[in-house]
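These notes open a run of structures that come right after.
You will see chain A twice below: alongside chain B first, and alongside chain C after that.
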Partner chain A sequence: MNIYVYAFRRILYVIPVLLGVCLIIFVLFNLVSPDPTLMMLGKHANLKQMQELRHELGLDRSYFIQYLDIVKSAFTFDFGRSWSTKQEIIEMIKNGAGPSLTVTVPAFLVALIISLIVALFVAFYRGSWFDRIAVLICVALMSIPSLAYILFAQKILAYDLGLFEISGYEQGFPNFIPYVALPCIIWIVLSIGPDVRFYRTVILDEVYMDYVRTARAKGLSETVILFKHVLKNAMIPIITWVVIAIPFLILGALLLESFFGIPGLGGITLNAINSADFPVVRAMTVLSAVAYIVFSVITDVLYTLVDPRVRLK
Partner chain B sequence: MKLALIFLATMGLLLNVGCTKKVDSSEKVLNLVVTAKIKGLDPIYADDRYSSNEVARVYEGLLEYHYLKRPYTLVPNLAESLPEVSADGFTYTFKIKQGVFFHDDQAFPGGKGRELTAEDFVYSIKRLADPKLQSTGWWLLDGKIKGLNEWRDSNVSKAAVDYSEAIEGLQAVDKYTLRFVLKKNFPQFLYSLAMTFTVAVPKEVVEFYGKEFLNHPVGTGPFILPIFEQSNKITYTKNPKFRTKLFPSDASDEYKKLGYLDDAGKTLPLVDKVVVTVLEEDQPRWLNFQKGNLDYIAIPKDNFASALTPSRTLSDDLAKKGIQLMIEPSLDVTYTAFNHENPLFKNIKLRRAMSLAYDVNKSNELFYNGTALPAQSVIPPGIAGYRHDYLSPWRGLNLEKAKQQLTEAGYPNGKGLPEITYDCPSSTVSRQMGEHFKSQMEQIGVRIKVVQNPWPDLQKKINNKTVQTYGIAWGADYPDAENFLQLLYGPNKTPGANGSNYDNPVFNEMFAKAAIMQDSPERTALYEKLNLMASDEVPWIYGVHRQSYVLHHSWLKNYIPTDFESGQAQYLNVDLAMKKAVSAKL
Partner chain C sequence: MEQVETMQAVAIPVEKHKSKSLWQHAFESLMRDRYAVVSMSVIAIYAFIALLTAFGFIAADWAKEVGPSYAAPSWDYIFGTDIFGRSVLAKTLKGAEVAISVGLVTAIIAVIIGVFLGAIAGYFGGKIDECIVWFYTTFSSIPYIMLLVAISFILGKGLIAVYLALGFTSWENLCRIIRAEVMRHKDREYVQAAKALGGGDMRRLFKHIIPNVLHLVIINFSLTFQTAIKSEVILSYLGLGVQGRPSWGTMIDDAKLELARGVWWQLAAATAAMFVVVLAFNILGDALRDALDPKLKGKS
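Showing the complex of A and B:
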């Protein structure tokens, strides 16, 4: 099937998925979420003002009308304004996405390259002391909580040694670089452990295949076998792992942004949930769902490029 | 190979450019920090102290608190003088200062800010009452000004609110004369005019920017901020057209002794820029302060041990860096409220028993590093009505007396007393406080069940009177004991501010009398009586009055921790030479 036709058909799945997502978040909001009027009016809330506010927010309309409004905003990407900050939600997301991406994208790319290289070396020296030490280091890196890395790095590397900025952010390239350097490094260190272990497993699965034994029998070097044959065949699970992670880069890293004072999207959903800010929760949920579908289509398409045996149906 | 080169280049860039840089400047810059994101700079939505402090850098109101006087004293700001008050206390007439201009903005003809008039206050207060805007500050004037509630109610169902409609109690008599007529005698009304909800905003700017007005603050204040961007850093610059406003030339004795009149008579603001950084976490705030990147900081809970000695004085390490410690009581009170609609708590001896079993000193050590003041009653120190020498006979810890009271209440060793629920917010510290309360009550045989709630759910339970006991705190909206005593006033029962539904006719009568009195020795005497009654009746188990422990660098001048920070930045000064000398050593 033509790639474009396939992609178009898959993207059409967005429609039923969004309808379902809207229904789920609407039901959850009405069942579980605290009263937003109390949150917004605070300690001086009185019944009359709460009723007036409910009217202004449209919460006194029928459930069906409210649901239709939610569906309309999901398909038009017009999410209105935040109930708690009164800011336009799309602007909030745009303003926050940039800083989040300045941390997550370079960190993600560097972590990916390092992890792949290390995983290939580890697979090359499989069974040896190098392999065992590498796995041990990965497990150790994974065992340390992210907060520990942040506290240590900020105190020692930034404050005591003065190698990095303690916190803060400046808009524009290259102004933000001094501020995102340390958060990026922390993200890379956090990612290496689980990534290397995953890539190593995937590569080793391929290394024990018959075609590898055949390639060795034909006299090919280990380097050629690993980098030309094994890596290519291992790409499908790697692509899945990598591409599906991409849409979530935009959400940033809550702890990193919070400790380093980066005005990203990391806390936006959590803050919105805590303050019963339904429009923001709705916006972030819808955008996440759409991004997930789009990138899963990209994943499928990339499969065909990597493995000609894969056919799109 | 290519990939390896890209990788090395990226790492090199990160490491090289990551090195810290210092920027030298001859500008006086205040570096402040806040612990929560700023929502926006529209005054009618500035219901949290963070937003309200930012609003007050750009906007001004009729009145403000004298910066160097305690107890807090209202003084004119945009008003020429304190108002003329009619004999019956219902009419307040203000003269507005002439020659005060709004900041320049494209919304004005020619981009030049125009002169402030009395009509601007009429407009601004109507905005506060506008039912379509649903200001979170409307409670301040709800039911206070003649005709304002009626105007609001008449506009609820209209498509567009009619601002041209006159309001009997809110008039611009002429260009510079503003008159308020109240519905009832309310001496605390003047405090409303020192709050950021009632600052002056220009109509043409609001109409020009529409819903984006909250990101384009245009006031008459000492600093300007052309655009508010949702960032973690806000930079204000000195208003070049700020009217002539001078640093105070008089002060309370404690501030005179500290040399706070060195800048007396100087033109405000004293600095060129204010940089406000949002840092929610304690560690980066603490580290930035120690590096000299922030001028002052409230000591984070986990850093008390390193910042202070066991006797609560400044540690040598910080003192050597020239850092100074300031301690100031907060106008607040923490407490555990009984729901007096529950028949169980109509038993005064039971309430007293529980109060006597609660070790407030231990609680102070556990949750406030021993820095708070155990509360004897409802009014905090710093407000008329508080007595320094008073100790409540019903405060813990006195287990023997508690058990005796419990027996007299009809529950010897807690026998026959059902389990009592204690509701609290869902934070970690609130839960710990709940568990501590539970363990204290177990000492006399009172069984407690701790129930955590998201904040809105707790408020709902309080409003619906379905709680039994709950832990909460109250911070002053204004420095008047009425703001605290009204929490125990019967007619204020839920859904009003009296969440405990305490209803004592004697208390009610005395409070109603005091509430309409102007500040006077007679009113103070009534407040003291009410405070003593509130202590003796134990409608709540009193907790603490918290204190601010704030550190500031030696180069920061005129700093005072205050419950009403709005507008403080204009009075602060930076000694550049000292900053340069001290910073080098940090």
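Showing the complex of A and C:
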């Protein structure tokens, strides 16, 4: 199959998935969720007030129109206004994206580099005590809940030892660094466990292939085999793993941002969840789903560029 | 005469070395793996504690005031006390009940949905397959945490809501794996033989194919189990967790206000309790995969 045809078909498949995502969001937030007007007005609401509020929020329109609204918002990013702050949601997203990215992007890049290097080392010494201990450390790191990391790190490193800012944020390039340093470190520690394990598995999957045996038979050194042959082939699952993680960078780090007072998208989402601000939660869900879908298309197309065998299927 | 003898001579050792099934092999290699045995023991101890607390043999009086508010760990209060002067040790033990039940029920729900949809999609193919693939692609396009939050919103608070919210968000991966595996199996000779003997679709699928993909379910079960225990913390933090009884999630969540006052023992106790069981599940999951996945045989 021609790559353009493949890419076109892959993009076409986005439509039913996007409609499906909107359908799930519609069912969850508009159809079966408890009446939001009851939550907003409290226990002593009368029917007339509820009617008025429903009209104001556009909840008295037909279900089909409400569904279309969500589908439209996936393309126009016009999510309406927040129920609690009355702000335009798209403005909130624009303001929040910057601070979120200052935390997630450096953390993501550093974590990627560290994990890849560690995984290559571990794969090079596979089967030795070094390998076993490294895997055990990864598993141990993954077995601690993320909230415990945040709480302990904030208490000990920031509060007791005063090495980092406890909470807060400042706009502008050098100003934000002290505020995002600790969240970044926690993110890196959180992601090293699963990342190293995944990269190690992927590399070890390749190590037992026939071409590696051929390379060894040719007399190539183990280092050349690992870095030139194995890493190149292991790149496909690694690229997938990395690209598919990017949409979650946009969403920000939910818990980290709220604990360290960073005014990013994660913090906005968490506040919206706490105050039952449906439009904001819905907007963040739509936004992240759209980002996920777009990036999975990019991954699939990248795949065919890197590995010509995929196209034949 | 000579021929018969040789045949007998061959037949005897064959009978002695009866070929072992995948399960026997798996069981033996699990028992040889020291880490796996320790992990299984740890999980068994946790399950035992959970059962004992569920029937009220231990930690039944966790709600009782045993000392002053926020007493530090000492000989009198091994893990200290919480804001109401309740024993943190008793709360931690009682929390095992919630954790184990959350893990178990979530994993069962996820397995039922995942295996059923995956098997149907892989076996029947065509339009049914397309629909189910669309369904799980759609589901997995929505970030886990957002879906979890949305479902918890609808179901309200409480243990049942936690079960359902976690169960409904953990099945996609298993569904995808089972679908692919059933596809590989459905045209194999043993399935054709079952068809020739007059077995219907459902019989072929559930009696013949499913037992052959069951090892994947077991590997996935231990993964879902520990993810659910960890996710309960996030639900508790969002105020969507278990109400009116101690859970490790609510204990960790309480710590966000306690830590500034130097009260670290509730967080430490809950984290340690969770760390040990989740680590055990992680190690067991790896051992299970090594033991049960024939594709990995021979690799380190």
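Everything that follows uses one rule, which is that the second predicted complex is superposed on the first by the 270 of 313 C-alpha atoms of A that agree within 3 Å, B and C clash if a C-alpha of one lies under 4 Å from a C-alpha of the other, contacts with A are read in each partner's own complex, and residues count from 1 in each chain.
Just so we're on the same page, a residue touches a chain if its C-beta (ideal position, glycine included) is under 8 Å from a C-beta of that chain, and two chains touch if they have at least 3 such contacts.
For clarity, every value in this text was computed on a predicted model and none was experimentally measured.
Legend: residue contacts after superposition of the two complexes on their common chain; A:Gln171 is shown touching chain B, with no touch to chain C. After overlaying the two complexes on the shared chain, residue contacts for A:Thr304 are found with neither chain B nor chain C. Within the superposed three-chain model, A:Gln87 lies in touch with chain B and out of touch with chain C [touch as defined at top]. By the touch criterion stated above, A:Leu151 is placed in contact with chain B and with chain C alike. Residue contacts after overlaying the shared chain place A:Ala276 against chain B and chain C alike.
In the superposed model, A:Ser288 makes contact with chain C only, not with chain B. After overlaying the two complexes on the shared chain, residue contacts for A:Glu56 are found with chain B alone; chain C is out of touch.
By the touch criterion stated above, A:Pro34 is placed in contact with chain B and with chain C alike. When the two structures are aligned on the shared chain, A:Met142 is found in touch with chain C, with no touch to chain B. 34, 151, 154-155, 159, 259, 274, 276 are the residues of chain A that lie in the contact sets of both chain B and chain C, per the superposition on chain A.
Residues of chain A that touch chain C in their complex: 16-17, 20-21, 23-25, 28-29, 32-34, 126-127, 139-140, 142-148, 151-152, 154-155, 159, 204, 208, 247-248, 251, 254-255, 259, 269-270, 273-274, 276, 281, 284-285, 288-289, 292-293, 296. Those residues of chain C whose C-beta lies close enough to touch chain A in the complex are 134-135, 137-139, 141-143, 145-147, 149-151, 153-154, 156, 226, 230, 233-234, 237-239, 252-253, 255-256, 259-260, 264, 267, 270-271, 274-275, 278-279, 282-283, 286, 298-300.
On chain A, the positions that touch chain B within their shared complex are 34-36, 38-47, 49, 52-53, 56, 81, 84-88, 91-92, 95-96, 106, 109-110, 113-114, 117, 151, 154-155, 158-159, 162-171, 174, 177-178, 181-182, 184-185, 258-263, 271, 274, 276.
Only residues 3-4, 6-7, 10-11, 13-15, 17-21, 37, 39-40, 42, 45, 47-48, 131-132, 134, 136, 138-139, 142, 156, 211-212, 214-215, 229-233, 277-281, 283-284, 287-288, 290-291, 293, 454-457, 459-460, 463, 495-497 of chain B touch chain A when the two sit together in their complex.
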